[in-house]
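I've put the structures underneath this note.
Two complexes, one shared chain (chain A), two partners (chain B, chain C).
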Partner chain A sequence: MSRSLNDASGRRVRPGRLGWFDSHARLLYGLFGIVGFLVFWEFGSRAGIVSEYFFSRPTAIIEAGIVEVQIPRFWVDVQASLTEFIAGYGLAIVLAIPLGLLAGWYRRVQYALDPWLNFLNSLPRIALLPVIVIAVGLGLASKILVAFLGAFFAIIIPTIQGVRTVDRRYLDVATSFGASRRRVFLTVVAPSTVPFIVTGLRLGIARALIGVVTGELYAATVGLGVMIKFASDALQTDRLLFGVLLFTLTGLVGVEGIRRLEKYFQRWRPIKAGANP
Partner chain B sequence: MTLGSLARPANRSPLGLLGWRPSERLVFGLIGFVVVLGAWEAASQLKLVKKVVLSSPSLIWDAAITDISSGVIFPHIAVSGTEYVLGLGLALLVGVLLGLSIGLFRRLNYLLDPWLSALYATPTVALVPLIIIIFGIGLEAKVVVVFIESIFVITVSVMAGVRAADAVYHDVAQSFRASGWMRFRTVTLPASTPYLLTGVRLGTGRGIVGVVVAEFLTSNSGIGFYIGLNGSLLQTARVYFGIILLGILGLVLGELVRVVERRFERWRPQIN
Partner chain C sequence: MTGTRTALQARGVRFGYVDPTSSEVLLAIERIDLEIPEGQFVSLVGPSGCGKSTFLKIVNGLLSNHEGEIELLAPKAKGSAHAMVFQDAALFPWYSVLSNVSYGLMCQGMSKKEAQARAMPLIKMVGLAGFESKYPYQLSGGMQQRANLARALTVDPEILLMDEPFAALDAQTRELMQAELLRIWAQARKTVLFITHQIDEAIYLSDRVLVMSARPGRILADIPVDLPRPRELHIKRTPEFVALADRIWELIATQLHAHGQPGA
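Our next item is the complex of A and B:
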């Protein structure tokens, strides 16, 4: 996560003259942390220090995973969850970015939307699930809607903020040179909003995933959340944790994807500027 | 939007960043608020939308009055409140300590970073069924859910805050022979406070989600239970009332954090 050359106590990590161990400290400690914990989990569980009944153990989770991927039903679940996630998240992107730009650009639109945006954003929209299920049923649509509601607000709020915090000097320069409003928007406002949008996209992934999981746990017939629920009802913690692991991987892949996107959009900057709030 | 662009005097900044006009903000805010409420009520009265799906502002109001005056809602509020306060308090305590130590000790950071990244990316609600297996369906399970939902954002924010302390400040402190404790107290802690508060704000929101989801899945009291139960009974107005209660809680908590934030920003010189 951190790429700084200073550690927190302010000591500079001196470059050069580093042994192999020092230059790979991050990797080594990380590996040690992962392996150490897994070994403790595995053998602690076998020795009865860690309750296998509650926490399972790493090899049992892998075995459960191997069994699971050979069942056709599993792939139906994966497909359902992925569809819900992609559709909900995609819909949120398509609607939240243009709306956010609009609301940020037209002050009065923002004023009119503000009370509702603030209220809906501070609302745990997950709580709308019962109503959503009543409205659109148990199918994919209800999960798409929940994922959408989660991601939409996560994206639109930073987007509005991004438009509103464009550096005034840039706007002044653009208007001084007689740029039309359209041009100001396209060449100044839109580019400087990108880091904010990317932040929203990153937050949105997590929110959409939470929506999919909760929706499926609450009421659904297919999906990985349903698999987790069935596993928990049958007290199969290994299968349950395998399902959780899949959601973790999805989250990691998504966040990494956004990080790449961020890098791509930042590449024109001469030095890394801390533009991201 | 045409309204906005037509009515704009030519000399005003396109973004309205120049003068803040509370009156205009208030007026348009009120218009937005009233228009949506009115459209909602009208659509429901004219039977454009099913009442069982969208209810209507007046029905929600009636439901709220009924359940408040009969006192039905208060035990639910108390139960959810207890779960929430305990879980969030625990997450704050552990999250801040963990974040500070990870931020301070490079090796601890290396050691825990993979796990933190993974757990941060996990939609932790997926763990709710497991937590229920382990802790049962009572208060403990919900406290743990709130704790797990909110601790990672707090830890990660505090961690980032410790790192955000400008190296120059550390150098100055060191040049003046400040002890480790003094550097921590006068440089690291103040520099990481805004980050901590960001973490707390994110954590409060996540915590509310945790309470609701856990109560949806298994419980016999609490606001999440109230919402879920009334959803099954097709009492949509009550569902919305429960959601509004949660929204008010979210707003109040957000405002509280903002007040604390302002208190800690007081020493900063104004830069405009």
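Our next item is the complex of A and C:
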């Protein structure tokens, strides 16, 4: 018997081919959405439906990018922004994870930290920028501090929550085998907090980037934020959007890195049904 | 194989929970007195909420502040006084079968290598050979409970406490696991205190069935099960078995009616 099928219009369709489209539906529709948007933007702009003055167009942004990367100053900007991002985000990770684990584990540490966490987390931290600039100056340090403040709270809050919501059953198992508190912490609390920490790390990337951009837009002499500001002053929307694109790419790369980290740490979890690679 | 030593002795055990909102004391266990000789398999049955799991937690040391006394045999040099097989596997999902089974030994300060070497024969004994490196999510419910049992057995406990270990399994797997448990028990020669609300499970497995009252719990009856061992599953259809089941069911049914839960 033939394995081919007839579709509604009576045409013969090979099942294998149908399967490929089905299994890649997510990717294909996603691509279609993005490509469609870019095409609309490009031709809309050329046809005058979309204002090129305000929104530029994709090919113009790419051209501006090609020009930009040949300027040595650009690479100095990239280096400054990356340094600020990595230092601020890295510092946040190094401090927020251990502190969060401690605060979740020791009630007294949490009692001591809680008022500060609530206060500083409710405070729009960007509002501190003027003070930070006065105190730390226009250099990289002020931007590192702003990025750090953004990411720190994004990471510490879910980490504390993760420790506090550890499944009672697992704690009972460990206790019933006579595990020391140290062992309970290392073998039960830490692994079950991983998903929470990962959520914090993911949120933290965006917060740190916001810190870098705002810091540079507000007060800096070097960095991609400065480049964006100059481009904006000169009404060069293509160059401006190229800068925005770079920040977006940094965020995407970071999120992808976190995803891989998560996959490694969570290999004991079942792969969720329906999730396409 | 019942010995002369007493594995567990409980005298006048009484326990109440403090309700956090009203700070009133809710009495969970009115009074439990019992004695389990070494090597015996004893089941504790009773209506839901009668305090049977609470009693097990007290014996296991997870709950303190109880009144009365609990006496257990002192553990052997490299063993534990007690080990618990928890309801729903409660295996650590982030550890492989091997790491889970050797967990108890590592808690006692044994090196990872030695603990794993000692865990292997038990993994084999419960029928999980070849699954050492699997994670719990890759196992069926029955296999998870096998691993859970092996984890409790590795620490060589003087008494094995089992808290409705088969409650989450489907009916067929449950029957198979009951038979498996008897096979393993015959090999491991442990004193067992088994909690269940299934009467036929209690009779099939046990030397003695203790029937508890509704909350606050106390022991209503101590019923010896004189069915010959080894027991096959079809023993559940013999008249002796059915008569025992009827007798226990009547005791529990009175409790349910007295507390306004007809047919619960």
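We adopt the following convention: the second predicted complex is superposed on the first by the 245 of 277 C-alpha atoms of A that agree within 3 Å, B and C clash if a C-alpha of one lies under 4 Å from a C-alpha of the other, contacts with A are read in each partner's own complex, and residues count from 1 in each chain.
The rule we apply is simple: a residue touches a chain if its C-beta (ideal position, glycine included) is under 8 Å from a C-beta of that chain, and two chains touch if they have at least 3 such contacts.
On a predicted model such as this, the values are computed, not experimentally measured, just so you know.
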- Looking at the overlay, does A:Thr187 come into contact with chain B only (first), chain C only (second), both, or neither? second
- Task: Between chain B and chain C, pick out the one touching the greater number of residues of chain A.
- Result: B
- Query: Regarding the shared-chain residue A:Gln70, is it in contact with chain B (first), chain C (second), both, or neither?
  - Reply: neither
- Query: Touching A:Lys229 in the superposition: chain B (first), chain C (second), both, neither?
  - Reply: first
- Could you tell me if A:Ser176 is touching chain B, chain C, both of them or neither one (first, second, both, neither)? second
- Footprint overlap on chain A, comparing chain B with chain C: 175
- Note on the structure: Per the touch rule above, chain A residues touching chain C in the complex are 169-170, 172-180, 183, 187-188, 191-192, 267-270
- Message: Show me the residue ranges of chain C that touch chain A in the complex, using the header's touch definition.
- Response: 60-62, 80, 82-84, 86, 88, 90, 92-95, 103-104, 106-108, 135-138, 155
- Task: Can you check the complex and tell me which residues of chain B touch chain A?
- Result: 1, 3-5, 7, 13-17, 24-25, 27-29, 31-33, 35-36, 50, 52-54, 103-107, 109-119, 121-123, 125-130, 132-134, 156, 159-160, 162-163, 165, 167, 169-171, 173-174, 180, 183, 187-188, 205, 208-209, 212-213, 216-217, 224, 227-228, 230-232, 234, 236, 239-240, 242-244, 246-247, 250-251, 254
- Message: Touching residues of chain A toward chain B in the complex: what are they?
- Response: 1-2, 4, 6-10, 12-13, 25-26, 28-30, 32-34, 37, 54, 102, 104-109, 111-116, 118-120, 122-124, 126-131, 133-135, 163-164, 166, 168, 171, 175, 181, 184, 206, 209-210, 212-214, 217-218, 225, 228-229, 231-232, 235, 237, 240-241, 243-244, 247-248, 251-252, 254-255
